Amino acid sequence: MREIDYRDAIKEACIEEMDRDPKVFLIGEDIGVYGGAFRAYSGLLEKYGPERVINTPISEQAILGGAIGAALTGYRPIAEIMFIDFCGLAMDQIVNQAAKIKYMTGDALNVPMVLRTQGGAGRGIAAQHSQSLEAWFYHVPGLKVVMPSTPYDVKGLLKTSIRDNNPVVFIEHKMIYLTKGPVPEEEYTIPLGVADIKREGKDVTIFAYSNMVLKALEAAEELAKEGIDCEVVDPRTLVPLDVETLVNSIKKTNKVVVVSEAAERGSVASDIIAIINDSAFDYLDAPVKRVCGLNAAIPYNSKLEQACIPHKESIVEAVKLIL
Amino acid sequence: MENISKEKQIEMLKKIIEIRMFEEKTVQLYQQSKIWGYLHPYIGEEAVAVGICSALNKDDYIISTHRGHGHSIAKGADLGKMMAELFGKVTGYCKGRGGSMHIADTELGMLGANGIVGGGVPISVGAGLSCKMEGKSKVVVCFFGDGAANNGVFHESVNISAIFKLPVIYVCENNMYAISMSSRESVAGNNIAGRANSYGILGYKVDGSKVFEVYETAVKAVEHARKGNGPSLIEAQTYRFFGHHPNDPASYRDKAEVEKERKERDCVINTKEALLKAKIIKQDEIDTIEKEIEKMIDHAVDFAEKSQEPDLKKFLTEVTS
Amino acid sequence: MREIDYRDAIKEACIEEMDRDPKVFLIGEDIGVYGGAFRAYSGLLEKYGPERVINTPISEQAILGGAIGAALTGYRPIAEIMFIDFCGLAMDQIVNQAAKIKYMTGDALNVPMVLRTQGGAGRGIAAQHSQSLEAWFYHVPGLKVVMPSTPYDVKGLLKTSIRDNNPVVFIEHKMIYLTKGPVPEEEYTIPLGVADIKREGKDVTIFAYSNMVLKALEAAEELAKEGIDCEVVDPRTLVPLDVETLVNSIKKTNKVVVVSEAAERGSVASDIIAIINDSAFDYLDAPVKRVCGLNAAIPYNSKLEQACIPHKESIVEAVKLIL
Amino acid sequence: MENISKEKQIEMLKKIIEIRMFEEKTVQLYQQSKIWGYLHPYIGEEAVAVGICSALNKDDYIISTHRGHGHSIAKGADLGKMMAELFGKVTGYCKGRGGSMHIADTELGMLGANGIVGGGVPISVGAGLSCKMEGKSKVVVCFFGDGAANNGVFHESVNISAIFKLPVIYVCENNMYAISMSSRESVAGNNIAGRANSYGILGYKVDGSKVFEVYETAVKAVEHARKGNGPSLIEAQTYRFFGHHPNDPASYRDKAEVEKERKERDCVINTKEALLKAKIIKQDEIDTIEKEIEKMIDHAVDFAEKSQEPDLKKFLTEVTS
């Protein structure tokens, strides 16, 4: 199969959906000639014109309002917030408007929109440009949360998200835009709420999402050399969450490490542990281990920065701890 | 006023009375604990919603606020469904889930009341984009208060609507207060309409107690928008006749001010008088109208009272995710 | 001891601290003649004048910026956001500025401020006025989070929060402003990070905070009638968290129910379970039970609303489930 | 210019050159991968920071942006500590934790650069309140870009500063672009200074390449603020000579425009020429100044290179909570 990078997979999803449905459009900062901060949209302005590739001022609330209002009136916008950190400026529109409109109006209205954004550390851009804030959205009823780790997943899930009739927060990771992977030429979609076992194994389950899937696979590789056989479960979507695949994996391995780049306290990883506690407590041979980011503002200095997030090494260590 | 057909004038008077009587009833029901939660009466401000919405087509959109009953009714809402919503009944506009602050309806083009001050304002950008993309000359009216005019959302939204020439009419209902905060003290420059200049768009200041003045301004702004000339900003000077909500004695306001406003700028009284004076209507016709509206409201209350509570099981399967 | 209500305890804390330190001031919406949406500040404008009781326009970002900038330059502001739901408009100031300034500037600056707000359901004011969003702040390194349940605690903790040199998010609950309780006339403070055992017991630990402490105590009362002896642990502050008191209680009871009014998914309750998993797994005789709000937007209708949040009954049921 | 002492004029020229040379050096070091992360050079805009900060006292405050090196240096920052910060060293202004976008220092009255566009703008309200409460006639300068002027924070902050008459000078550096977005297309009405009218405050538009013009306007605005007359808004028209950051070729800009700006509005060249023409300085004196500054910068780089990396253990105990 041909290989393309994560960034181009995003672009392909947009192109296919924009071609399929004239109601789909893009809105965000620097998405015109500039093609988006990570260039996922390069060429799209030329292709679709400024009516469907709407380049905005630095007005995060109005960008999301621009998506919500269009969604309420029949369109399917994909709004981009350049860094997930900047969502701090627009949580009202996401949480009090987009997430709730359908429910609080008793289905009088609905909001089919995608909020595309990206998070994560690793580029030395410090505390306000490196956060992993998915836990905020995960906690809010009415939002779906998608965090793909591969080109294949990002394409298939973005297409599904665009077609979803409710708001989807689609979170990419700044360190994986250039990673390549197999993506078929033919059209495909991936349903929300279906995990993917990125590597099968029988000794320990590693539950990881987004960039941490790549770290988990590296760790599994290394552990394999020592004869430890890890299964890597990538939920791909956090809401809805495929609990069944996770529980089945735990039934097999009886041990699980949960990895998230986000600051540990109040992270999605903690919630996964609570879910395991509810649904798989009896299958566990050891307490679940969390491998998360430190409870610290991400620093600029590269060594400090790297010390704040999980790595292959920290995952390896955690797996060994519970073996 | 001369350019407005007699029928239209009477229509507007009717709507004003309808809103007034609906609101008086809701306050009464609130005091009887049949309605609970937050309720923000529109009493005193009716001419704004009616003047503006009378300039709209059915398929135009409005975006409302926490003080939204008047907007909905002016756009044609069903009083029964509104009252049922306030009663928390399943027959209400939001199946009892929203209450006063969240009434919405696609068919009405009512894109939602809002519990967040200014929360609907950015949504105008999207509705405006949609109208522009669709190319059917629809327009969007975005209502908000003097308090909301100080929130950042106002600035972002009007700026973007202006650069893209979106067909949005921003209608600021300056009722002189945001809860206890006077607009004289909170709006720097004390000229909301004047803020239009910042964005290179048209700004109008109108007496919000004069329904025909409001209407005529709205007609201009709507035409401007339909032609693709972009947004405008109307500041309607009005007054909240009572407290922020039924339990607020509004003791932070000067009594003389309140009395003066209620006496001189009551749009129900003034519109009636204007129509009587112009011999467009007779007193007994007004009496008939009022009786009919009273009946409508009684029906609405009756409908609400007799409606079912939402089914808990159904609710749970519908909302949890 | 005299009894006063939660609301007056807040006012007393402010008065004592404002009298003690001229650098303390209040800023927020409708806090002047109106005395605040829940009237906790009534009379304070008369007492301290508009220079120290700063009534603002509806500008949540500028209110918090107003606190942060003053804190950076030597003052100790108490900023009020009327409903925690409205924090959606100002998360950038809270999270990207207040929480991070000290850390990302390497201690060049610090931000001694309190953000006072209130959350919770129960008053029929629907989806945008009833949320429990403490999980957002709990997740952000650099913020302390305080959620007192009694008049005594609210006063002592507010005083300590005002004196803290870092930003404290101080979250009250709209249903308990009028509850009364003993508060000494003499001055006292309560350190952050010290839990309070609101009721001793030996059979089951109930961990609950804010309004849920009151529900937990009701449940314990009811269970006592059936001979089940519950211990109610109130952490009082979520960050810092007194893990020790919780673990000690679990060591004694070997069973624990964690209660939070917030939507279950990604709640603080989930994180507590992860912490228990890390620190008390071996003392557990049964899986920890979460009792949380539903993953739903809080509805207006009172019956529906009540169905979305935990009650005495749901806590009783949970306790019985793990006995 | 005539009213400014010769010493002060030379001082300003020096600062302009200092910033220019510092920035050129950082770009070079960035390309050599000695600095990483985000770096937003201030090249072309130096006269704004220098003109404004020259009107301030040491204990006045400034609030900066993501493009903040010039502001810090103009306020008197130590080049060594700045460079060390860019190198991520523990001797830097933020102990290596902040990098280019977070430089801050209480002694300098520098309340922080910011990675969030407009993030510092609301903070001006608090610093302004503090200056007013303290009553020592201190003022606050709040720098922000044309892009930030479209964000809601601008509106909220200027409005509040105006109603409370806070001593804040809002300085918009309109360098015509926000990354790739031209201010002609993003600022409705295309007149940022004009937005002052909305708030009933003074607005000034100045040529941001003319340091003395900027300075003289700043003096007026600062005096106004010190006297308790409240905020003002200065729009300094300037130009970002290069890309948004070192890796941005800025191909979205018209070449002719870029060339024209660089040729006609280079404040380093123009300030030198003005002083030479007015015979306030001689070319060899300029040469000496430049050599000295070059030496300072070399020292700064040397200091940064030789400084220690932060200690990981210490960091971990300090930051985790």
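Order as written gives the chain letters A, B, C and D; numbering starts at 1 within each chain.
Note that a contact is a pair of C-beta atoms (placed from the backbone, for glycine too) under 8 Å apart; a residue touches a chain by one contact, two chains touch by 3 or more.
Computed from a prediction, not measured in an experiment: that's the story for all the values here.
In a view that ignores subunit A, the other chains are joined by touching into one piece. Here the CA centre of subunit B is 45 Å from the CA centre of subunit D.
With centres defined as mean CA coordinates, subunit D is found 40 Å away from subunit C. Averaging C-alpha coordinates per chain places the centre of subunit A 30 Å away from that of subunit C. Counting partner chains per residue, subunit D shows two or more touched chains at residues 94, 96-98, 102, 114-116, 119, 150-153, 156, 159-160, 163, 185-187, 319-321. Shown for subunit C are the residues in touch with two or more other chains, namely 56-57, 59-61, 85-86, 88-89, 92-93, 96, 103-104, 126-128, 141-142, 239, 294-297, 299-300. Chain contact topology: the protein chains form a complete graph, every chain touching every other one.
Within the complex, the subunit D residues that touch subunit B are 150-156, 158-160, 162-163, 185-191, 194-195, 197-201. On the side of subunit A, the complex with subunit D involves touching residues 29-30, 32-34, 37, 55-61, 85-86, 88-89, 123-129, 294-297, 299-304, 307.
Subunit C meets subunit A in the complex at residues 61, 85-89, 91-96, 99-100, 103-104, 126-128, 133, 135-136, 138-142, 239, 262-263, 265-271, 273-275, 277-278, 281, 287-288, 290, 294-297, 299-300. Subunit C makes touch with subunit D in their complex at residues 25, 27, 51, 54, 56-57, 59-62, 64-75, 77, 92-93, 96-97, 101, 103-109, 141-142, 239-240. Contacts from subunit B toward subunit A in the complex involve residues 61, 63, 92-98, 102-106, 111-112, 114-116, 119-131, 133-134, 140, 152-153, 156-157, 159-160, 163-164, 318-321.
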